[in-house]
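Below are two complexes that have chain A in common, paired first with chain B and then with chain C.
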Partner chain A sequence: MNYFDIFVIPFYIGTIFLFSVLIIKFLQWFIQIPKSGKKLIWKNIFSTKTLKSSRECFSECLLHLRIFRKNLRLGYMHTSIAFGWFMLIVVGKFQSTAATGEWIEPLHLAIFLKYFPVGESFRYAYLFGFLMDFFLLLVLSGLLVAIAKRIRPKVTGMKRPTKHTAFDKVALVSLWAIFPLRLLAESFTSGLNHNGHFLTGTLGKFFDLFLPLDLLQYPTWWAYSLALGVFFCVMPFSRYMHIFTEIELVFLRNWGLKTEDQLGGFANFELHACSRCGMCIDVCQLSTAAKINDVQSVYFLRGERHHTLSRKLTNNCLMCGRCEEVCPVRIKTNQHRLLTRTSPFETEGHRYDYLQPPQAPPKGEVCDSTTEQEHSVTTAFASHPPFRGGLGGLSYFAGCMTHLTPSIKTSMIKIFEKAGIPYTFIDEQDGVCCGRPMMLSGAKEAAQKMIAFNQKVIEESQAQLLVTSCPICYKFFKENYQLDIPVMHHTEYINMLIQEKKIKLHKTAEKYIYHDPCELGRLSGVYEEPRTILKKTGILVSIPDEREDAFCCGGSLANTEINYAERGNIVREAIQALCAADPDYLVTACPLCKKTFNKENVIPVKDIAEVVAGRL
Partner chain B sequence: MEQEKKILVAGGGPGGLETANTLARMGFKVEIVEKEETTGGHLKEWHQLFPNFRDASDVMEELRQRSQHPNISICYNEAILDVKRVNGHFESLTSKKRIIESDAVVMATGFDAFDAERKEEFGYGVYPNVITSVELEKMLREDGKVTTTDGRVPERVAIVHCVGSRDEKVGNFYCSRVCCICGVKQAIEIRKHHPETRVTNFYMDMRMSGQYFEELYRESQERWGVYYVRGRISEASGMMDGKIRVKAEDTLIAKPVTLTVDLLVLMTGIEASKTTKELSKKLEIESDYGFFRPRDRHYDDQHSPIDGIFLVGTAKGPATVKETLADARAAAQRVWEFFESKNV
Partner chain C sequence: MNTFGYKMSAPRSINMDTADLSVAHRILDLEPTFRLCISCGGCTSTCTAGNFTEFNIREINLLLRRGQLDTLEKALENCMFCGKCYLACPHGVNTRNVILLMKEQLQEWKQSKTTTL
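Presenting the complex of A and B:
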């Protein structure tokens, strides 16, 4: 029997083009993966991680369970289109095999089967007909939600959908056209042949009443094939590239790959897996509080993919990680931002000379040389002053931000002394920044200089354990320093002291709200320790936006683009949400959060170390 | 000349007093409402005035004597909470639940010194040897002796300028205008009383715009040996012996610097006082930072956008004593013109 018609050619052109591009791109990216990454892949490819990935592909790429959990209607939209389409292809294949009795047959047959005279007498024809109609209906219902979302985002519980480029809109329209055209083509043919199921059959009969189906049938099949062809051709260059890339991403990620110190390779898989769903926009505080709606992850990743990044796109971000938390594909955008940032003031002359061991005596004069020497201030701290106290135990690194909020530092000293723990205060005088703020702003060389300096100080203190009061330092010590000793944030350390019964706390009736600092919570995963401590000193009230969903205080050092008014709006939005339960104190565990909140003068803010020091 | 009009003056600082003094001599009946138990505002806490080290109490005495006038009555421990315009005159509610009727109101509600605890990095409220310029002035006024908390004369003092002024981080973009010269004056005073004590100023810019300010700044260096480092202090930390170690960047040599001092003085800036903020907001005549908004910043600086409500001195923004007194007399003149134009 002849199962070919010239109208399937656009479909074939699209398909061949699509898969050629996909293979070329995927190969290119795979080659870019460094050797260590490839080793990881070979190590893990024959492990349960592969099985786990398959399961994740099914639950996320098809069923989109993560979106379902966040937003029911949006989840339905994604699932119905993705899963429905997938099933149309799978069931269609079985249907065409059943009809022709052949496993190997032309590719187009499964897609355009209804057009060809295969009859109704093959096995399970009725069931196949029902299933095909059912899944087509499922896709169409999802399409309706998608159209509604474009017109009125609120229908799907979204405040702002992504603003797409013209090219993406073409892709969108061709995708939207596919399924109604398929419905019409199948209905017309069913109407002519007096067959079809509950959807196509019924519609066919209905159209037959007033439409010249014999004239319309053929052009509609053409249109359907054309829509498929166009969509397949634009797909690799549009956001729909995510459909295939997501699958690779899931496998690669489960095999242990991540974006580390370079873009390209795995980073490309991440980039192209972004479907531009826009879920990152509504959680971004730059959007909700500061009305900045064009820098969110979705736009940043688009810029990175199409090489149109601007300073605003890379730098106007708090790097709080809220968008990573909500991203259905779990793209680690922060790392991408970090790698694309470059500092405008990288190596400016001898700016960091003071970190180098001095050639001449380290003390310099700044005042007029004819004046008394004792008037002068001392420049430079190329070698740190001698440590007070013994060496070789606990080294305490307060961090710059803690030095700017000295009551945290004095509280920590009180706690160490009360617990009878000998400590070496390694940045008591002339401490140098851990380097993370420089890294965040793109000044990577400067950051490396600071890392080298501090690394030496830590080694010279012969530390067995490093405790810091600043989550920014904490994250950086853990991830960017080569330290072979444990690093603890003071919340973890205080919690340990309590468990070891080195300190005992008195409980009061004070009501606290705990604010999770981004760098400690979302970015380092420390959620429980502060809560355990606070429950021992007072009443801890829980709020909706906490832990992974916690707000950024707005003081983030990572954003060098917003102005103070915009920042202020972010801070106030966060305070308002935090203080809804009317606590006595807003407690946090980051000196920067404390400083940021305190500036607004709305509610007394305390660091957890201060709370503990007051309850000893 | 005799006037039947009555004017309410909110605030008995230099601005309020001098407005009242002038108005009384024009024949108006004036009622001053002062929230504290004596008049004088911040001036009464001051020791000597820049740039000529004139005793503040001299000026205070002059102002108080002039206010002993039959047309002036003063109520103490009472603050204005709200002002309402009813049929062309004003009804003002006070904290003693009294309603004061008047034909015009003069807002001389002044400023508050910036709360230094809001700049926690300077350690005010954490380390006892970190004090504000107001506290230093009090020491100078009481016995002229400047001491640390344990009663020692400090070997070194650092003075930090622009605490709460020109600081985006606390939301105050403006210059408080009086602190630069006040820092110079206080540095000289410390050197006068304690020639052994070394004083270093940390500044962003030294803004010596007033008459004889620049001369005093020069004198402080040449005659009194006061030191100046261009760079804001980034942080101050307490040492075991009670000393304070400050870190800064000397921006002239682009190097981080440190200095250990016995006493750290914070030149706190001028902010709209609580009453100024509340009343300007309530009456909807507030400008930036909670100060009052004049009708015209050049030609009608003493009249608020509301007919019959006048503005004096630091209720509108930072000003020196000299400027405030001149402004007070201008305001009185404006009040008189306001009623004159009505009579015509």
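Presenting the complex of A and C:
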């Protein structure tokens, strides 16, 4: 029997083009992955991680469970279209196999089966017919939600949907056209042949009453095939590239790959897996509080992918990580921002002569000894005052921001003394910045000078344990310093002291709300310790937006673009949300958060160290 | 011959008629909060780099407005970009962006100088 008609050609052109582009792109990106990454893949490919990835592909790429958890209606939209379409292809394949009795058959048959005279007498024809109608209805219902979302975003619980480019809109229209055209084509054919199921059959009978189906049927199948062809051709260059890229991303990520110090390779998989769903827009405080609506992750990743990044797109970001937390594809946008930031601090010159350690330069650093002598700079290291306290135990690094909020360091000293712990205050005088603020501006090499300096100071203090009061330093010490001693934030350390019964706290009836600093919470994963401490000193109240969903205080050093007023709006939004629980004190664990909140002067702000020092 | 008045030391003289203020104007346009600076020196007193060097943010404002761009460029090499100055500023000047812009604009200025020569 002849199962071919010329109208399937646009479909074939689209399919061949799509898969050729996909294969070329994926191969290109795979080649870009460095050797260490490829080794990781080979190591993990035959492990349970691959099975886990398959399960994640099913639950995320098809069912979109993460979106469901955040937003039911939006989840339904994504699931119905993705899962429905997938099932239409799978069930369609089984249906065409049952109808023709062949496992290997032309590709188009599963898609356009109804057009061809296969009859209704094959096995399970009724069940197949029902399922195909059911999944088509599922997709169409999702499509209705999608259209409603475009007209009134609030229908799906979104405030601001993504502003798409003209090209993405073409892709969107071609995708939207596919399913109604399929419904019409199948209904017309069903109406003519007096068959079809609850959807196509009923509609077919209805259309038969007033439409010339024999005239309409053929052009509609053509239109359906054309819509598919157009969509497949624009897909690799539009946001719908995520459909196939997300699958690779899930596997590669579970095999241990991540974007580290270079773009390209794995980063490309991340970039193209962004579906521009826009969930990052509604959680971004630059959008909700400062009314800046064109720099969010979705726009940044689009700019990075299409090489249209601007200074504003890369630099106007708090790097608070709220968007990463809500991203259904879990793209690590912060790392991309960091790598795309170009800093004027990276220029050559005699930078930070005063930070050069007097001894041999650290590994990897080129240091010309003759120029060193010529410049005879008094290095900070040479002028570094002798450490107070005994060496070889606990070294305390307050951090720049803590020096601006001195009550935190005096509280810490009080706690150390009360617990009888000998400590070395390594940056009491002449402390040097940890380097993270410089790193956040994109200047990796310049930050390295500060890392080298502080590493030397830490070594000189013969530290066995490093405690810091600043979450910014904490994250940087843990991730970018080569220290072979444990690093603790003071919340972790105080909690340890309480557990070891080195200090005892008096509980009061004061009500605290705890603000998770971004660098300590979302970016370093410390959530429990501060809460445990506060429960021991008073009553801890909570708000829905806490832990992973906590607000940024607005003081972030990662953003150099926003102005004072915009920053103020972000601070006030955060304070307002935190004060909803009607606390007596706003407690935080970061000197920068404290300083930022204090500027608004709405509610007394304390660092957790001050709370503890006051309850000893 | 005029024998009264002050004696001007040539190397220390700043001629505002010939000073290059293009960079200053551009930076003030790009970061308008810089106009709010009252030269109180809060930034300088808290500066981490100022602990070790002559680096003085209040002074770089002056250098910029006087068009002493070579001196300014040298001074900026010391900044660690830690952000304490921003938090200390009572007028909310976005000092970190000022520093970033100065470095960027000075690079452009230098390039334009070499191309015109």
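Everything below uses one rule, namely that the second predicted complex is superposed on the first by the 582 of 616 C-alpha atoms of A that agree within 3 Å, B and C clash if a C-alpha of one lies under 4 Å from a C-alpha of the other, contacts with A are read in each partner's own complex, and residues count from 1 in each chain.
We take it that contacts are C-beta pairs under 8 Å (C-beta built on N, C-alpha and C of every residue); 3 or more make two chains touch, one makes a residue touch a chain.
On a predicted model such as this, the values are computed, not experimentally measured, just so you know.
Visitor: Which partner does A:441 reach: the first (chain B), the second (chain C), both, or neither?
Guide: The second partner, chain C, only.
Visitor: I'd like to know which partner A:430 touches here: chain B for first, chain C for second, both or neither.
Guide: both
Visitor: Is A:48 in contact with chain B, with chain C, with both, or with neither (first, second, both, neither)?
Guide: neither
Visitor: Could you tell me if A:450 is touching chain B, chain C, both of them or neither one (first, second, both, neither)?
Guide: A:450 contacts chain C only, not chain B.
Visitor: Scan A:595 for contacts with chain B and chain C and give back first, second, both or neither.
Guide: Both partners, chain B and chain C.
Visitor: Which partner chains sit in contact with A:407 here, chain B, chain C, both or neither? Use first/second/both/neither.
Guide: The first partner, chain B, only.
Visitor: Kindly classify A:482 by the partners it touches after superposition: chain B alone (first), chain C alone (second), both, or neither?
Guide: Touch partners of A:482: none, neither chain B nor chain C.
Visitor: After overlaying the two complexes on chain A, where does the chain B footprint on chain A coincide with the chain C footprint?
Guide: Residues 349, 351, 354, 378-380, 400, 403-404, 430, 564, 595 of chain A touch both chain B and chain C.
Visitor: Per the contact definition, I'd like the list of chain C residues that touch chain A in the complex.
Guide: 32-33, 46, 48-49, 51-53, 77-84, 87-88, 92, 94, 96-97, 100, 103-104, 107
Visitor: Residues of chain B touching chain A in their complex?
Guide: For chain B paired with chain A, touching residues are 118, 120-121, 123, 126-127, 168-171, 198, 200, 225, 227, 229, 234-238, 240, 245, 247-248, 250, 252-259.
Visitor: Spell out the part of chain A that touches chain C in their complex, as residue ranges.
Guide: So the residues of chain A touching chain C come out as 343-345, 347, 349-352, 354-355, 378-380, 383, 400-401, 403-404, 430-433, 435, 437-438, 441, 443, 446, 450, 555, 557, 560-561, 563-564, 592, 595-596.
Visitor: Quick one: which bits of chain A touch chain B in the complex? Just the residue numbers, please.
Guide: So the residues of chain A in touch with chain B come to 349, 351, 354, 364, 366-367, 371-372, 374-375, 377-381, 388, 400, 403-407, 409-410, 428-430, 564, 568, 595, 598-599, 601.
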